[in-house]
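For reference, chains read A, B, C, D, E and F in written order, and residue numbers begin at 1 within each chain.
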Amino acid sequence: MGMIDVGKKRVTKRTAKAKAVVRTGKDIIRRIKENRIAKGDVLEHARISGIMAAKKTSDIIPLCHPLPLDHVEVSFEVFKDSVVVNTMVTARTRTGVEMEAMTAASCAALTIYDLCKMYGKGIEIKDVCLLYKSGGRTGVFKRKD
Amino acid sequence: MGMIDVGKKRVTKRTAKAKAVVRTGKDIIRRIKENRIAKGDVLEHARISGIMAAKKTSDIIPLCHPLPLDHVEVSFEVFKDSVVVNTMVTARTRTGVEMEAMTAASCAALTIYDLCKMYGKGIEIKDVCLLYKSGGRTGVFKRKD
Amino acid sequence: MGMIDVGKKRVTKRTAKAKAVVRTGKDIIRRIKENRIAKGDVLEHARISGIMAAKKTSDIIPLCHPLPLDHVEVSFEVFKDSVVVNTMVTARTRTGVEMEAMTAASCAALTIYDLCKMYGKGIEIKDVCLLYKSGGRTGVFKRKD
Amino acid sequence: MGMIDVGKKRVTKRTAKAKAVVRTGKDIIRRIKENRIAKGDVLEHARISGIMAAKKTSDIIPLCHPLPLDHVEVSFEVFKDSVVVNTMVTARTRTGVEMEAMTAASCAALTIYDLCKMYGKGIEIKDVCLLYKSGGRTGVFKRKD
Amino acid sequence: MGMIDVGKKRVTKRTAKAKAVVRTGKDIIRRIKENRIAKGDVLEHARISGIMAAKKTSDIIPLCHPLPLDHVEVSFEVFKDSVVVNTMVTARTRTGVEMEAMTAASCAALTIYDLCKMYGKGIEIKDVCLLYKSGGRTGVFKRKD
Amino acid sequence: MGMIDVGKKRVTKRTAKAKAVVRTGKDIIRRIKENRIAKGDVLEHARISGIMAAKKTSDIIPLCHPLPLDHVEVSFEVFKDSVVVNTMVTARTRTGVEMEAMTAASCAALTIYDLCKMYGKGIEIKDVCLLYKSGGRTGVFKRKD
């Protein structure tokens, strides 16, 4: 019970990818594209908050290990009525970095919500999920669509 | 651009409710109900991490104001193949507490994911959204189903 | 269950005092008095860490409310074989500041331990307790010796 | 003066165990056993806050090194009028993890205090101390009773 | 000694403005203007980190009070060989917000340094200073040039 | 764009030295020397806040990697009308520790400002800059005076 003891696991390269879908509606997407969100550049805020959230994962999720991350990447695809957040985290550690990728995606999505909510309270965060994971004993995981 | 200046807004009672749906599949729900998740009591971990995340909101979301919260509540409904996280936050402040309710719901959901992921990587967080909001100039918001 | 809803409580001046006793043994006390602790000025480190810990209380204790503190004071009495940490916290809030005073005392004591532990692993923290509390519905509390 | 330079120390497996005794009185123990503490499950809150505090140690104690911990364990013994918190921390690092074990024990004890204090302000935290330490140059330490 | 007790001060509107000058040299300024800094949009990163740092002030500066801020603004002037960071912070509090404005300016400047340092290690942060302060007993302060 | 991927860099010993100059004026220097600053021992507060800030660097600067630091040192030279803060940070990591040394210097300087500002608002932080860097692919950097 409690934290998993990772002391006997091997240090290997760990990669995890996650995504979050933010359904904003068409009007807000238009504003994002035309840079007409009063609080600032939505995707830049979301990227930075996602990267910072990845680094805070072990402070947010009770049983996560504090990990020296090698890399955190947060990118976006802007669709007609939604933004997809894509995250990738890598580290050379004794345990995986899924939670870091998931936390980065969730928090970037929350930041998009925060900057856009003055234009409509109906925004929803959909489908925060793990896309890919490699490294460690259990091998490669790839999400089926 | 940047933070909204809330200095001229009135201090009123603010309430916000949000939810997050975690689709785990039936096997994991059975384990949760029978208390057979090796890392610990899933809902208790999720509740505590949700409450703590609400208090960290202004540290996670770049443009959120630091707020003295009066109350944070995190509760759960366990369905056949999913857990619904419900949050409620109240404060007497110059700005609303939607982001606190949304952040609590998201982080409680991430904690459920973290405790259950060893039983299946296909868990997804669905429908993080605002259910209700009152207080402040814009009045009451109620999400339509 | 969860956080207490303090929304209906009145804002009053709240004061709390706590103490912690660190039993170090005579040799370490001599070193503290003669400023011969290699890592630095023990009491100054303890005071600062205690003040900073009081401000972090709601981040450390799951159900504590984030509070705008008016004042945190950390002082010391150095005895023959022990140091007594005394803390006082005040605020004008809807809930008391006992946990802030207790957390400040505990963390100041842990810092004394940390700076002195190279001179003996037998140091113990004794009697972390509330000495006094005023403000709020339940009135004045004074610990009996 | 200041932080110890651990750069020349060897990376070895480090273990530390600590305890804290919370004297609550018999009535509160009965409530804990019968799960009649209004704020929630006392030991579950204490366990989680202890684990999270271990991860925050270098943020609370000024001269502690930030360490990638392998494992944090917090368990309890419930006696007639007191709860004993037991912690164990392990890591593969250049410096020991005593402070992590001590901080986890102290903060778990503070959380027990916080959840129970509405039933009596006379609760005291007693005997926060190191029980065991291994790894590193100074070898094994075992506390004598 | 220690924190100032602000309990008897009146709650008034407090404003503080500060600046920091980052001397980067002409080449880096050209890159900033042409958006050719590999790590990302320099000023957007600096703005966000400055706003977030203002909110963290009481966690960074030992004797600063935790304050519910109304507004934090971070803006920039780009000159031939330097960037000037301008910050403004307001709050309705019992104590001033100078340190919040100064900390925001310093941390925004550090972020500019971090994003640009791969193009030259000679970057310097100059003249972090308070420009203006109002509210509270001591009245208005305006820095003379 | 975003964080640099340090996964392919080699783990080597990294050292960085930085400084910050705080121009306080002669009166404040006299007070510092005679220990007549009401809020407490200025240099001790500055040292501790600098060390703690170094450990928080990745939480303050958006694209900095969280690093297990081996050593942080903060020292001072007191001149006629200014204090010079000197910092040194070392670690065995895949990326350099310049930002840790710079952040420690900046935050120690801000703390000096905070403790002395009641004796004059004209204090300025000057010349926060990197003095030295070694380890890693780019070799040794030494600042020319």
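Keep this in mind: a contact is a pair of C-beta atoms (placed from the backbone, for glycine too) under 8 Å apart; a residue touches a chain by one contact, two chains touch by 3 or more.
Bear in mind that the values here come from a model prediction, so they are computed numbers and not experimental data.
A.B. asks: Out of curiosity, which chains are bumping into both chain A and chain B?
C.D. replies: Both chain A and chain B are touched by D, E, going by the contact rule given at the top.
A.B. asks: Hey, what chains does chain C share as contacts with chain F?
C.D. replies: Touches both chain C and chain F: D, E.
A.B. asks: Could the interface between the copies chain C and chain E be described as same, meaning over half of its residue numbers are common to both, or is it different?
C.D. replies: different
A.B. asks: Between C-F, B-D or C-D, which shows the same interface as A-B, counting it as a repeat when over half of the contact pairs match?
C.D. replies: Repeated interface of A-B: C-D.
A.B. asks: Determine the centre-to-centre distance between chain B and chain F, using the mean Cα coordinates as centres, and give it in whole Å.
C.D. replies: The separation of the two C-alpha centroids amounts to 38 Å.
A.B. asks: What's the distance between the Cα centroids of chain B and chain C, rounded to whole Å?
C.D. replies: Chain centres of chain B and chain C, defined by C-alpha means, are spaced 32 Å apart.
A.B. asks: Give me the residue numbers in chain E that touch at least two other chains, ranges are fine.
C.D. replies: 2-4, 40, 45, 47-49, 52, 56, 59, 62-63, 66-68
A.B. asks: Viewed as a graph of touching chains, is the assembly arranged as a line, ring, star, complete set, or other?
C.D. replies: other
A.B. asks: Which two-chain combinations touch?
C.D. replies: Per the contact definition above, the touching pairs are A-B, A-D, A-E, A-F, B-C, B-D, B-E, C-D, C-E, C-F, D-F, E-F.
A.B. asks: Given the complex with chain F, which residues does chain D contribute to the contact?
C.D. replies: Touching chain F from chain D are residues 2-7, 58-59, 62-63, 65-68, 93-94.
A.B. asks: What residues on chain F touch chain E, complex-wise?
C.D. replies: Residues of chain F touching chain E: 1-4, 38-40, 45, 48-49, 52-53, 56, 59-64, 98-99, 102-103, 106-107, 109-111, 113-115, 117, 121-130, 133, 141, 143.
A.B. asks: Across the complex, what residues on chain D touch chain B?
C.D. replies: Those in contact with chain B are residues 40-41, 44-45, 47-49, 52.
A.B. asks: What residues of chain E sit close enough to touch chain B in their complex?
C.D. replies: 13, 47-48, 51-52, 55-56, 66-74, 90-92
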